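After this come two complexes, each holding chain A, first together with chain B and then together with chain C.
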Partner chain A sequence: MNLKKDLRIKHIFLSLLSSILMISIVSILFNIKTDLHQSVGELFLAINMETASANAVTTVVTFFRGLDTLGEVTVLFLATTGISLMLSSAKRVHDKVIEQESFILNIGSKLLLSVIVLFGVYIIVHGHLSPGGGFQGGVVIASAFLLLFLANPNMNLNHSILTFGESISGVSYVLVGLIGLFKLNILFGNFLPHSISQIGDLISGGIIPIIYIIVGIKVGSEITVIIEYFIKREAQNA
Partner chain B sequence: MIGIMILFTFISITIVALASILAKDVTTSVIFFMGVGLGSVVLFTLFQAPDVALTEAVIGTGISTVVFLLGIRHTTKEEIKS
Partner chain C sequence: MLEFFNLTQTIHIIVIVGSMSLFTIGLYGVFTQKQLVKVLVSFSMMEMAVFLFFIGLHYKESFTAPILDNNIQTFTNMVDPVPQAMILTTIVIGLAILALALSFGIEYFKLTGTNDISKMNELKD
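So, the complex of A and B:
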């Protein structure tokens, strides 16, 4: 009986606590003041004009916080290495289990592949003009390959091209940062010409679009490899 | 107006998250979890963060659901054999 009483009191207490939290969150949501004065965001927006990139978020990700982006890319690389190491020793899913693929699915997925890859490339290349960038566009390209795998399970990808693209983009990302360090004494310094008069053009912003294209190739190939391993390999102790 | 929309999205995300926790089947839970990602895409768009919304739409709703479902497929196969 005593235990039951305790439980009930605990439940009442917990629901009271959660309702107080809910009320405080809602009151915060309704009283948001868009006061950006004397904050880091204000400073970033003020300096953003110098880099001639129309999208301020892209400038923060690739220029002001370039080292953090390098860390993110390294984390993704380590995750892909771990998954490949874990699943490469597992045996492949038997091909005879998979039935003959459907004709309509096959043709439809190949038609959609070009459209989705084009959209991903658009997001990557326009990363310094509109919302989006290397990470988002790379994952969009990987999802196009996921569609191809789901429609046609017997398909094989050329792993040497994926590995080459992944490693060459990783090396060139570090090289771009080091060139900026040697020329301007800033890691990921913007050493290419970037005049403010070109803001809004496709070719503007110096190294910012180059870094996003490199990140797009790297993320796209890595996520494709992860999905390919998950679909094609069986669990190790199955 | 935007405050009411934010509140509505907030409440619907909470309901879908509760449904994801209370679901008896793992696959159903993953699909409800995708609904949580969908709600947060709307929330990020209302808070004027289109970059984060795009990332959440692609990764949180697309790729992570597929990876969860493939993980379920791998583990259930193992259970049937043993």
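So, the complex of A and C:
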């Protein structure tokens, strides 16, 4: 009884502390008079037409800040490596047969797989024309494989294909940057033809769609690997 | 009447109060929850609050998304693309870090059989 009372007082105290923190943060934010409109984004928008990409966010991610995106993809790769190190230490459940799911679930998930993967590829390829791109499309493709794993727990993916996609996309990302360095003396320079008259076409923008396709392959395969480790892990514990 | 909600000031007030409320809920979760997974979800909520804050604070009245289409042919009167690009990468990083932390939590539970952060005192001995 005494313990319960203690806990309640602690909760009330902590919620009060959180509220005080929130009120102070909000009052600080309301009193900021800085003009947010003077920023580097104005400069990026002013020179964005030269890159012949219709989506300015894509241009910033893959071209103006291409090196940062390479670092970000590296962080994703390291996280995947850590997860595989942590979760693959125990023996896997290859031979353990889990109860077979129903026929409709099995076939329906395989039918939906192709549609979802097609939608993901559409999002990746149109990344420089419409909202979307490599990160979003890669996650959509990984969600298709999540559906497949949920419908059929016995399924095993071919790891060599996943590893190949992951490594070939990483290597080609660096290669695209290095070719730009050698041809134009700029890392991630746009060495492919990109004329402004082509803006809005599917093939436009030089290396921008190529980099986003590479990012899409990498994110899709890595998140699929993460999902597979977690799902197999759960199947083993059950 | 509804024009009032399109004003930049109104949107900024809503974004600041809403995202900081979400941040506070996450902070309260970090303070009070005992389960490791709940603490990680609370951290994720705080992360989401910061994302909402960054994106929402760059709303400007009568400005469009930084994408060309059939009606908009020049890159003028568009919102800043830099915070959107930054948050786009940060969301993926947050996902990867959350997955890594959850895998650590799973391994910890497998080794010690407990998920309670008040009982995690291995470093004390």
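What we mean here is this: the second predicted complex is superposed on the first by the 190 of 238 C-alpha atoms of A that agree within 3 Å, B and C clash if a C-alpha of one lies under 4 Å from a C-alpha of the other, contacts with A are read in each partner's own complex, and residues count from 1 in each chain.
The rule we apply is simple: a contact is a pair of C-beta atoms (placed from the backbone, for glycine too) under 8 Å apart; a residue touches a chain by one contact, two chains touch by 3 or more.
What you see is a predicted model; the values in this text were computed from it and never measured.
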item: First (chain B), second (chain C), both or neither touched by A:Leu29; value: both
item: First, second, both or neither for A:Val57, with chain B first and chain C second; value: both
item: Which of chain B and chain C A:Ile107 touches, first, second, both or neither; value: neither
item: Which of chain B and chain C A:Pro131 touches, first, second, both or neither; value: both
item: Which superposed partner A:Ile199 touches (first chain B, second chain C, both, neither); value: second
item: Partner chain in contact with A:Ile12 - chain B first, chain C second, else both or neither; value: neither
item: First (chain B), second (chain C), both or neither touched by A:Leu21; value: second
item: Contacts of A:Leu178 with chain B and chain C, given as first, second, both or neither; value: neither
item: Residue contacts with chain A in the superposition, chain B compared against chain C; value: C
item: Touching partner for A:Ile161 - first (chain B), second (chain C), both, neither; value: neither
item: Footprint overlap on chain A, comparing chain B with chain C; value: 25-26, 29-30, 55, 57, 131, 133, 135, 139, 223, 226, 230
item: Interface residues, chain A side, partner chain B - complex; value: 25-26, 29-30, 55, 57, 123, 131-133, 135-136, 139-140, 142-143, 146, 223, 226-227, 230-231, 234-235, 237-238
item: Residue numbers on chain A that touch chain C, as the complex places them; value: 10-11, 14-15, 17-19, 21-22, 25-26, 29-30, 36-37, 39-42, 44-46, 48-49, 54-57, 59-61, 65, 68-69, 72, 75-76, 79-80, 82-83, 86-87, 89-90, 130-131, 133, 135, 139, 199-200, 219, 223, 226, 229-230, 233
item: Residues on chain B engaged by chain A in the complex (per definition of touch); value: 3, 6-7, 10, 50-51, 53-55, 58-59, 62-63, 66-67, 70-71, 74-75, 77-78, 81
item: For the chain C and chain A complex, residues of the former touching the latter; value: 13, 16-17, 20-21, 23-24, 27-28, 31-32, 57-58, 60, 65-69, 74-76, 78-85, 88-89, 91-93, 95-97, 99-100, 102-104, 106-107, 110
